[in-house]
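Notes follow once the structure below has been shown.
Naming follows writing order (A, B and C), and every chain is counted from residue 1.
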Amino acid sequence: MTTALSLREVRKDFGPAKIIQGVSLEIAQGERHAIIGPNGAGKSTLFNLISGLYRPTAGDIRLRGQSIAGIRPYRINRMGLSRSFQVSNIFSNMSVRENVRCGVLWSMGQGYSFWRNIGNLKLVQEKTAHILDSVGLIDKADSPAALLPYADQRTLEIAITIAGGADVILLDEPTAGMSHSETDRAIALIQKATAGKTLLIVEHDMGVVFGLSDRISVLVYGEIIATGAPEEIRGDPRVKEAYLGDEAELPEAVA
Amino acid sequence: METIAFALLNGLIYGLLLFMLSSGLTLIFSMMGVLNFAHASFYMLGAYFAFTLGNFTGFWVALFLAPILVGLAGAAVERWGLRPVHANGHVAELLFTFGLAYVIEEIVKITWGKVAVPYQVPSALDFPLFELFGSQYPAYRIFMLLISILMLVGLWYLLKRTRIGLIIQAALTHPHMVSHLGHNVPRIFMLVFAAGCALAGLAGVIGGNYLVTEPSMAFAIGPIVFVVVVVGGMGSLEGAFIASLLIGFLQTFAISIDANFADFFGWLGLQATSEVGRITIASLAPMLPFLLLVLMLMLRPRGLMGEREF
Amino acid sequence: MSDQTQNPGLIDLAPTSAQKFTTRLLPLILFAAVLLIIPLLGPSRTAYSLLNAIGINIVFALSYNMLLGQTGLLSFGHAVYFGLGAYAAMHGMNAIEAASFDGGTWALMPVFALPVLGFAGGALAGAVIGWPSCRNAGVPFAMISLGIAELIAAAGFMFVSIFGGEEGISADRMNGIEAFGLSLGPISEVYWFIVFWTLIGVVGMYAFTRTPLGKMGQAVRDNPERVQFVGYDPQRVRYLVFIASGGFAGLAGGMSAVNYEIITPESLSLLPSGFVLLMAYIGGIRYFAGPLLGAIVLTWMQSNLSDFSEAWLLYLGLMFIAIVMYAPGGLFGMVLGFARGIIQPDAAPRLTRWGALSAAAMVTFAGVILLTEVAVSRTSGHVFAPGGLPLPPSSPLSWALGLALLIGGGWAIRHLSQRFAS
């Protein structure tokens, strides 16, 4: 079993506030790993550290054995790690197709080229169309991204994230704000789009978490208090304690 | 010694005048995110209003009335100009004030003519106050110094000792917080904008007759005021104060230095007859603020005392 | 998650060739055709010089919009690249003249090709200045561009051997090799030179928007944060676009050098930088053709209105503010909206609405013009007499009429827009 992503004693302080206090985590190649925890536990901060938006105060983060702590986000992305955002973070004045194409370009070796007509890049067009088709946005390819309904914007967010073909995918609350049927479709999409890839997901919806993940880590006040298979987490008394207010929610959502 | 004493005094007065101009802009910029391009235009309006009012009421009444009028003009601009544009983002606001600067300059040209108006130092203050190293020092400059210090004390009192001052201070560093506290944010914005414009107008009233009152005076000083705000740092009146004095001293000292590049870099083989060697330090004075601006933005984008990057 | 399409290669999302033709090629062909037909109408010398100025400004304004409209960078110092390109071309022109007496490699360079030198000069300046400027967009970028413009303009007056001091440097374009059999002596021949380079500039900059870099520029404009997470460095994207934009501004500068045969440090300063911002924004920065339209309208205004009225800059400023406040799509956005409004169903009520609003706006603007011109006539001495009706500034009636139009028009706009909104 090879390790795709490993965090070792990662810390992040914002001034006096210690947001992440020594997180260690090993995620195997092909594993679907969920991070849960109450609001303000530092889940988004952890994502920002892994994806390069923040530089860790201490500790090391490795992607397939290579250290990525403090490396700029675009370099980490080129190494095969891609992330989505909790709040839809799309290119709002461009069409859906152009949005996905932006995600495709670098991985197709286009770089910063200014001598090629983008319309003549057959492979880029095909890949873009393929991704749009696989996420079910092909019919809306030419509508402006800003005019998409909310659930479609979330789907586009995922489409951009997987477009570059990264094999480590970080999804930040992909189903936040979705209805039940939309959530079900989103889970199916995530399962399909990340097949064979390593997935790290932050999610509040326990149904999604327990249905999707191989292992779960519980983050509370910047520390991981438990990591294990869904059944272990469900039975862990510390997790129940941390989720005191949500105690009832845990078993129900799983059932 | 003589040069240094004069440069210090003049630099201090110029620096304080700059602070009067830029303190309002710093408040506006930090709270509303609007880098008001037309801020120096309100400075110009202050000078012109004082000139016209002064013809009827004399200088002393104009000294009070003109800034109030400028403040009212500022409030009107905020209410019917900036506020509707606000929804379109900061770039739209910046562009609006850019257009406003154009329009105010043209209106001034049409109303008062294209050449300078004879706005003069009041005769009651037009005498040499004291003698320094054999040169006479005009009383009006000391008057400018006094007004500036009064303004400084007034501003300090307003911000540190009054309720509205506390709200403004909170809004300087955490602009999103104020609305959560239930204050009427649009009205506070309008108030701050009007007060900032009135301060710029006051600077125009006392600076216009000392320097010169002409339609190009806004575009001449406007960019320097930006430099003060950016170098001082977002959300920091202290920073703006230090930057104002820094630029005041920098420029007055550069003007008073009688030397050229060859004097400084002669040891590198630079000839006094060469083009670069002939450049005098004094001729660099107008460029120094912009050099400071560019270096600051490259090396320390948050400015001297900025709380956050902008 | 439809699995209808097994072979993704079969999906073709690209527009059909007919669509491509009507939206891309046809406008260009029409534009080129107009440029080719104009000389057949036998324009006057004045018309030619206006047309040449328009051509230069079209390239300049489009290059500005590569920054503002396409990449989201608000620059207050774009004239620096125009001016440095012009200086590069001007020195080239002098070198060509010198080489026509003494020989040398410059003798091989036709004056016609000097905009290439301008492009190189502008791009080089962009490459030097751009890197530190492009770290952030927004206000820091705008402030750096302002500071650098002030510095370069001041340096322009300082280094006389390069920039020629107050009176600038001049050159003679009738030297060296003649390209396309054009001596470039008469202005009608310079017209062909301008047409050639305007088309090169327009086509070049349009093509740029269609490249991967151009597209990523638009992505950076929309969302620089997300760009980082699809493998691109936003600073580098901005920087590369900045260089290209500087190059095209320099190209316009090179055209201007050949057209006017003189360049002064004034052309590096904030004033022309502000003017190009006005051209692009008034034309409409959201559309590729917007700045093109803006360049035509503003250059025409500059040459015609400035003779007609002292206050034309006031009208320009008011027009700019009106567009910032009420029509962020600019003139081109209005034209486009109007065209679409006619095509769509239910055009009649919409047109009545627009007609009523435009009429009210015209009345308001007439009030502004009347007041302004009466005010101007106080000093100029020429009594403003629209349609033969003299309106002396001494008469209160002149002012009352202006105010009545202004207030009446403003009230009508308010009233109409409220009624149509409900």
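Following the convention adopted for this analysis, contacts are C-beta pairs under 8 Å (C-beta built on N, C-alpha and C of every residue); 3 or more make two chains touch, one makes a residue touch a chain.
Just so it is clear, the model here is predicted, and its values are computed rather than measured.
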Indicate, using Cα centroids, the chain positioned nearest the centre of all protein chains shown. C
Could you tell me which chain lies farthest from chain A when each chain's centre is the average position of its Cα atoms? B
Separation of mean Cα positions, chain C and chain A [Å, integer]: 43
Taking the mean of the CA coordinates per chain, how far is chain B from chain C in Å? 32
State, to the nearest whole Å, the distance from the C-alpha centre of chain A to the C-alpha centre of chain B. 49
For a test of understanding, state which residues of chain C touch chain A in their complex under the given definition. 1-2, 5, 8-9, 11-14, 20, 207-208, 210-216, 218-219, 221-223, 225-233, 236-237, 240, 244
Contact set on chain A toward chain C in their complex: 51-53, 72-74, 77-78, 82-83, 85, 89-94, 97-98, 101-103, 105-107, 110-119, 121, 125-130, 132-136, 138, 141-142, 160-161, 163-164, 185, 188-189, 192
Any idea which chain B residues touch chain C in the complex? 35, 81, 84-85, 88, 90-92, 94-96, 98-100, 102-103, 105-107, 109-111, 113, 219, 223, 226-227, 230, 275, 279, 283, 286-287, 290-291, 293-294, 297-298, 301, 309-310
Residues of chain C touching chain B in the complex: 74, 132, 135-136, 138-140, 142-144, 146-148, 150-151, 154-155, 158-161, 270, 274, 277, 281, 310-311, 313-314, 316-318, 320-321, 324-325, 328, 372, 375-376, 379
